[in-house]
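Sending over a structure as C-alpha cells; questions will come in a sec.
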C-alpha cells in the first residue's frame, strides 16, 4: 500500500503503472515494484470497478465465501472444515476494505487519489478447492437498473484486451443470468481462470444493486495476475 | 404472512399471540394458527430483534451460509456440493427480507405494524450438515458501540425464560468473543440447539455494527421452534 | 508388543491381564503396563475375535476406510482431502496385521501363544470425522453360514458385561441387516460409541464369510478403551 | 453377459471382437453389439489382466472406494455423504466378481472360456467426484515378486497402442512408487483419464501380491471406453 507502488489489476488501473517512474526517481533504482492485490480484492474489483466507472459506487457491503487454496499449503485441517465454515480470515477484511479504494483511485500527478467509497467486508472460509465468491451490495451515485449494470459488466474491456496480451481473457467479466450461478466448481475456470463471472444481478432493497461475483483465486488471484501484470509492463516498455 | 396469523419467535414477539383472538373471532373457529418463520429468518431475528429493541435497526444487509438440512431430504445432490457453494436458495431471500419486519413489528389494536426496517439478503447453500450462519451489517437509529450491542445480546431474556418453558434455553443469545466463532460444527448445539450464537461483533465501515449469528436450523429453526411455540401457547392458556 | 505387556480389549482377552503378575515379577515393580491396540485393530478384532473363538479364523483380508480423527490434530490438510481418499496410513497396516494375533492369542503359562491366523490389510484414509470402517473377508476352519456368524456376533458378551462395568456397552457387537449399513455418520455412536456395528454378513466367493464392521475410533478406539481397561483392572483388583 | 456379446476392454481382450461374427450369424443381423464392462470392473481388470496373463490369478479379494459420479445424476444426497461412506452399491459386487472372468477369458472356437479365477468384492461409495480406487489382493499361480509385477504392469501394451488408436493412452497402466498414491484427485486424469494408475505394489501376507489401482470412472470407465471400443472396431473393419 506504499504511495509509489501500484496495486495493479491490468484491466482496471493500467495507468497506475506511471507510478513506476515516480518510484524509480524517488528510490533511485531502475527496477520496479508492482504488487498484486489480495485474491478476494481481485474478485470484488473485477466487478466493482466497471460499475464504479459507469455509475459511481458510494457504499459497498460484501460477504465472501473463499476457497481453501487461498490459505496456502497446508492451510486448514480437514477435520476443522468437514461440514463447517469459518467466519474469519486473518487480515483479509482489512485488505478487501482498503485495497479496492487504491486500485479504483485516480492517478493525479504523482499520486493516487483513493476512490471515495466505503466498503464493509465479512470474509468466510468454505470447503471449496478453488474460487472465491463474493456477495456484493452497492449504493450507486447514479441510479442504474440491473440490466444497465449487466450491460456495463458484459461489455467491459480494457487495455490488456486491446493489446491482446497473451494471458488476457477475451472478456474480463462474464455475465450469467442462470439464477443459481456463478458456482466455484463450475465457473472458476471461465476464460482459463482469468475471467470473473458475475451473476444474480438484481435490485437491492437497501442499496441500489447487488450481485455475486466469482474469480479463480490461484489463477486470476495469484499466478495469472502476476503474469498478466508482467505482460502489460513489457508491452508498455517497463521491463526494458 | 396473513394479517391475523402470528409469525412467532417466543422470545421476540410473544405478545403477537393476541392475534389468535382476532383470528378466532374473524374466522369463527376455536383452533389457532401460529406459524414458524423460515429457519434463516429465525437465525437473523434472534440477534436482530434485541438490537432493534435497544437501538433501532434501520437498514440491514445480510449474507447467509445455510446448511444442507435446510433443503429437506434428499435435498441437493452430493456431486453438486462437493467443493462447491450455491449462491441461490429458491424463495429464501424474499422470506428473510420480509418476515423479520412482521416478527419485529408492534401489535397495535388488532393488527401488526411492521417494523420500519429494510433488509437485503444474499442466501447461499454450503456443505454443512446443520446450522445456518448469517453475516449481518446493521445501520442503527441510535448509535451504539460493539460492547453495548454485545451486552444487550448477552443479557437478552424474555417471556419463555421467565416462564421457564421446558424447551426455552437459559440464554436465547450466547455471545462469543473468540475471533473465528461461531462455527456451525462447534456452536450449533448451544443451549441444546435452541440458543443463537453471536460472534465477531464489531464496527461496520458502512453502517454501524456488524456481526455473525448462527442458529441450529432443524432445532431452533424447525422442530424445537414448534415445540417452544406450543409450550408458550399452553402457558398462556391458548391450547385449552 | 512386549511379551509381558497385555494388549487389551476387555471383552476379548480379559484373561491376558494375568500377564501383569509376570510383568511385576520380571520387572520388579508394583505398577502395571497395559496397552491399547491401534484403533483400527480394535474395530477389526471386536468382530473377528468372536468369530475366531467360534469357528477359527485362518486367513483374513481387510481393507479399512478410516476417519480423519484417527490421525490426531491437525492431521490431514483439508485441501488434500477434498474429494479425495488416501490409500496409505503410515505404520497402520503392520499393526492391523500383527496386533490381532496377540489379542486373540491364548495365555499359556506366562506367555501368550499368538493366534495362528494370517491377516492382510489395506488401510485408507477417507473424509469422515469419526468412525473406522473395515471390510473383512475370512477363511474359517470350521464352516459356518452367515446366519450362524450373525448369531455368534449378536450374542457375544463377555466379562465386562458380566461385571456390569460402567463403560461396558450392553452389547459389544450390534448386528444390522440393513443392506447399506453400518455407516460412520449414523452408526458410530452405537452403545455410546463403545459397541462395534457389523453389517453385510454374507458368503465370500473366495473365503467363507465376509462383512463390514464399524467402530468409533476416538471412543472405543481410544479414550473409552482406556477407561474400560481401567474399570476391568479395578474390578480384578489390579489397581490396588 | 450374453454368450455372443463381447465385454470389451480394447487393451485386454481385443480378440473377443471375433464374437461379432458369431453374433451376426446367429442373430442374422449385420450390426454388432459390444458392451462396456462396469466402471469398477474396468479399474480392476486394467491391472489384473496383465498380471493374470503373466502369472495367473487364482483368487482375488478386492475392496473398492468408488466416486459419486459412478451413481449417475443426481446420485446420492449431499446430506448422506457429508462425513460418511456407504458400504454398499446395488448390483456392483456381482458385476465386479463376474465380468472380469469373461473379459480375461479365452476365445475358443465360437465361445469364451471364462478365466478360472475367483473374485470377492466389497464395494464402497466415498465422497469423491471422479475416480474409482480398488484395493486388490491376488493369489498367483506362478509366484512373482512385487518388482516383477511392477515390470509387467509398467510394460503392458496392447493392440490399441500398436494401432495408435486416437483415444488409446500411450501406457494403459502407469505404475507409481510413491507410497501414498494413486489418489483420485491427483491421478485420475493420467493418460487423459484413459490410463489406470497402480501403486503400493507389495507382498501380501495372505496371498502373494497386493496393490491399489485407480481409474477414471467416467472417462476410461464410460465415455472414453465407448470411444476406444469404436476406434478398435473401426480399425478392425467391423464398422463397415
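To keep things simple, chains are lettered A, B, C and D as they appear, and every chain counts its residues starting from 1.
Here, contacts are C-beta pairs under 8 Å (C-beta built on N, C-alpha and C of every residue); 3 or more make two chains touch, one makes a residue touch a chain.
Computed from a prediction, not measured in an experiment: that's the story for all the values here.
**Student:** Computing the C-alpha centre of each chain, which chain sits at the greatest distance from chain A?
**Tutor:** Taking each chain's C-alpha mean as its centre, the farthest from chain A is C.
**Student:** Chain A to chain C: how many Å between their CA centres?
**Tutor:** Their C-alpha centroids are separated by 53 Å.
**Student:** Taking each chain's centre as the mean of its CA atoms, how far is chain A from chain B in angstrom?
**Tutor:** A distance of 33 Å separates the two centres.
**Student:** State, to the nearest whole Å, the distance from the C-alpha centre of chain A to the C-alpha centre of chain D.
**Tutor:** 46
**Student:** Can you list every residue of chain A that touches 2 or more other chains, as numbers and ranges?
**Tutor:** 80, 82-83, 127-129, in rising order.
**Student:** What graph shape do the protein chains here make by touch: line, ring, star, complete or other?
**Tutor:** Topology of touching chains reads as complete, every chain touching all others.
**Student:** Considering only the defined contacts, which chain A positions touch chain C in the complex?
**Tutor:** 68-69, 73-83, 127-129
**Student:** Tell me, which parts of chain D touch chain C in their complex?
**Tutor:** Spelled out, the residues of chain D in touch with chain C are 59-61, 63, 65, 80, 82-88, 97, 118-120, 122, 124, 126-129, 133, 135, 137, 179-186, 199-200, 204-207, 210, 212.
**Student:** Of all residues in chain D, which touch chain A in the complex?
**Tutor:** 82-83
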